[in-house]
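Same chain, two partners: chain A is paired with chain B first, then with chain C.
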Partner chain A sequence: MIFTLYIFDPNGNCIFYKEWTRRRHLKMAQDEEFKLTYGLIASIKAFSTRLSPVEPKDGFHSFATDKYIMHFFESTTSMKFLLTSDLTAPSLRDLLHQIFLIYTETVCRNVLVPARGRTIDSQLFISRLETAIQQSPYFSSK
Partner chain B sequence: MSSKGKAPLLDASKVNADLIKLTYGALVAQIVKDYERPEDVNKQLDKLGYNIGVRLVEDFIAHHNIPRCLDFRQTAERIQQAFRFYLGMQPSVGNWSPAGNEFSLTWEQTNPIGDFVEFPDHLRPLQYSRVLCGAIRGGCEMVQIDVTINIAREFLLADSATELRVKFNKRLEDALPVGED
Partner chain C sequence: MVFYSLYIINKAGSLIYHYDHNLQRNEVEKTYSYPLEFVLDIVDDRVVVRFGEIDGIRVGYAVLAVNGIAVTGRTFAKEGEKTDIDVMDFLGKSQNYPVQLKFGRPPLRTNERIMLASTFHSLYAISAQISPEHGSSGIKTLDTDVFRLHCFQTITGTKFIVLTDLRQDGMDALLRKLYQIYADYALKNPFYLLEMPVRLDLFDQNVQAAIEQVDKTGVSVI
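And then the complex of A and B:
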């Protein structure tokens, strides 16, 4: 089951957030939550690279608890995509890469949208994202 | 002057290269009218290119699934590749500085976007290819590479080739949230 999706731009602004299934909410403002999430990812990324016993390459992919997995994908241009799912899902990096493709096709190519730092409000992006997520075999719970 | 008109591509998302060249030429002519001083025009062209590069790099990386470059030579190769994909004319990479932080992109006997251009004498300071420099700079900046680009030779100004000199300055770092180190 897929729970939530966060997209961060290289400056750490959350430019897109969407939840499909989320039963618990934090007792804090949403932008506070985004900031903490970004901070967590930045720290994990930096520290896991430093700890690496062998030469690091791609960096950090995901972390898991007993209830959920947080999948992470970062494009070479430092766009960060985070997806939380339940434990049945394997690596969802392909799906995240697909979301990145949808983002470039519907947002980057649209000259009317500033290139960086704006919240995504493209309807085309949202509808194609929705299709991609719902077609994923891990979308609904079993 | 130009190569014979190529058959229009069937893919609707692509356009004939000649159309781009002509449109760009018309745009430059209009900017020259608006700004008059060639130095100001160069600045505008650079900005135009920068904005193109910033978007194009995202598209390029997403569609060709390109991993992060490990050294500057790979970066040069990628830039070369990108020119082939988006402009259809691949420059040669060469003329490396001994330290390996500077190289040239060269199009022999041509300017990739200047097929239909005649340069009037009073506009000699105008850098017609500035838009390419801006695009490279914008693209590199988005992948955390800071570069400076100069036009070393300009075919339109009677040089034997169009040559862009790309110099590596530094790696840019990711922005960290406030309160982290």
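And then the complex of A and C:
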């Protein structure tokens, strides 16, 4: 089951957020939640690189608690893609990479969209994202 | 399997025990002529490569030895000299070349370990806080491309953290075994102060034995 998707730009602003089956909502404002999530991921990245016993290449991939898994993918341009799912899903990095490709095709290559710092409102992006997520074998809206 | 490290963090987030097991270091030793191809800088009281990845030397690597003499901090002791020589001064003078330098990933210092331990303590709390599901715990496993972190929190709030390679599953058994060793040899020791660093020989021996056993034969035998 896929819960939520966050996309962060290199400055740490959340430029896209969507939820599917999310049962718990935080008591804080949504932008506070984005800041907390970005902060967590940025710290985990630094933490895991420093702690790494061997030379890391791209570092942090995912973490799991007893209720959810947070999957992480970072492009070379420091765009961060986060997907939360339940524990049945294995690595969803392929799906995140697919979302990244949809993003480059529909948002980056669109000359009418400013390069930085705008939330994604492309309908094409949203519809193609929706298809990609729903085609994933780990998506079910139980 | 490869077992890398064990950390034990108390309920307040401070590191009370750590143990490293067969950490292999990636070190590069070469002879250089003047001037050096890369830019060095002092970071955190260590001489670190700032720019110029070449011959397997990467940005962030520290100078570990000069002409075979180990570097401590930013200086090294040279025979016949009363005071230690500053590495940056030494490498800045062309008459000291050719020079043999050893580079490698700088090993973690105790202070850094304490810092990382308390960082993990807060990451654990935040990951539970932002959960999209009700009643989630904190981080139980954390995957990177080269290692996996397994964390077990006891009901009293002590965290046992184990770093292994990616092939490892079922580390819960080892974490519980380590918890048992902690209860038996640290908590039952009348001279051990709660929440304080564990410095007990019997505990060390048992931890080492349990880890070596897992390292050789796998988790199934515990």
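Just so it is clear, the second predicted complex is superposed on the first by the 140 of 142 C-alpha atoms of A that agree within 3 Å, B and C clash if a C-alpha of one lies under 4 Å from a C-alpha of the other, contacts with A are read in each partner's own complex, and residues count from 1 in each chain.
Operating definition for what follows: a contact is a pair of C-beta atoms (placed from the backbone, for glycine too) under 8 Å apart; a residue touches a chain by one contact, two chains touch by 3 or more.
Note that the structure is a prediction, hence the values are computed from the model and not measured.
Chain B and chain C, once both complexes are superposed via chain A, fit side by side. Of the two partner chains, chain C is the only one touched by A:4; chain B is not. Of the two partner chains placed around the shared chain by superposition, chain B is the only one that A:75 touches, whereas chain C remains out of contact. Contacts of A:43 after superposition: both chain B and chain C are touched.
Which of chain B and chain C touches more residues of chain A: that partner is C. In the superposed pair of complexes, A:35 makes contact with chain B only, with no contact to chain C.
In the superposed model, A:88 lies in contact with neither chain B nor chain C.
Looking at the shared chain after the overlay, A:64 reaches chain C, while chain B stays out of its contact range.
With chain A as the corner point and C-alpha centres for all three chains, the angle toward chain B and chain C works out to 90 degrees, nearest 10.
The least CA distance from chain B to chain C in the superposed model is 5 Å.
Judged by the document's definition of touching, chain A residues 39, 43 lie at the interface with chain B and also at the interface with chain C. Per the touch definition, chain A reaches chain B in the complex via residues 10-12, 35, 38-39, 42-43, 75-79, 97, 100-101, 103-105, 108-109, 111, 115-116.
Of all residues in chain B, those touching chain A in their complex are 51, 54-55, 57-59, 61-63, 65-68, 142-144, 174-177, 179-180. The touching residues of chain A, counted against chain C in their complex, run 3-4, 19, 22-24, 26, 33, 36-37, 39-40, 43-44, 47-48, 50-68, 70, 84, 86, 91.
Contact residues on chain C toward chain A in their complex (touch as defined above): 4-5, 23-24, 26, 58, 105, 108, 112, 116, 119-120, 122-123, 126-147, 149, 163.
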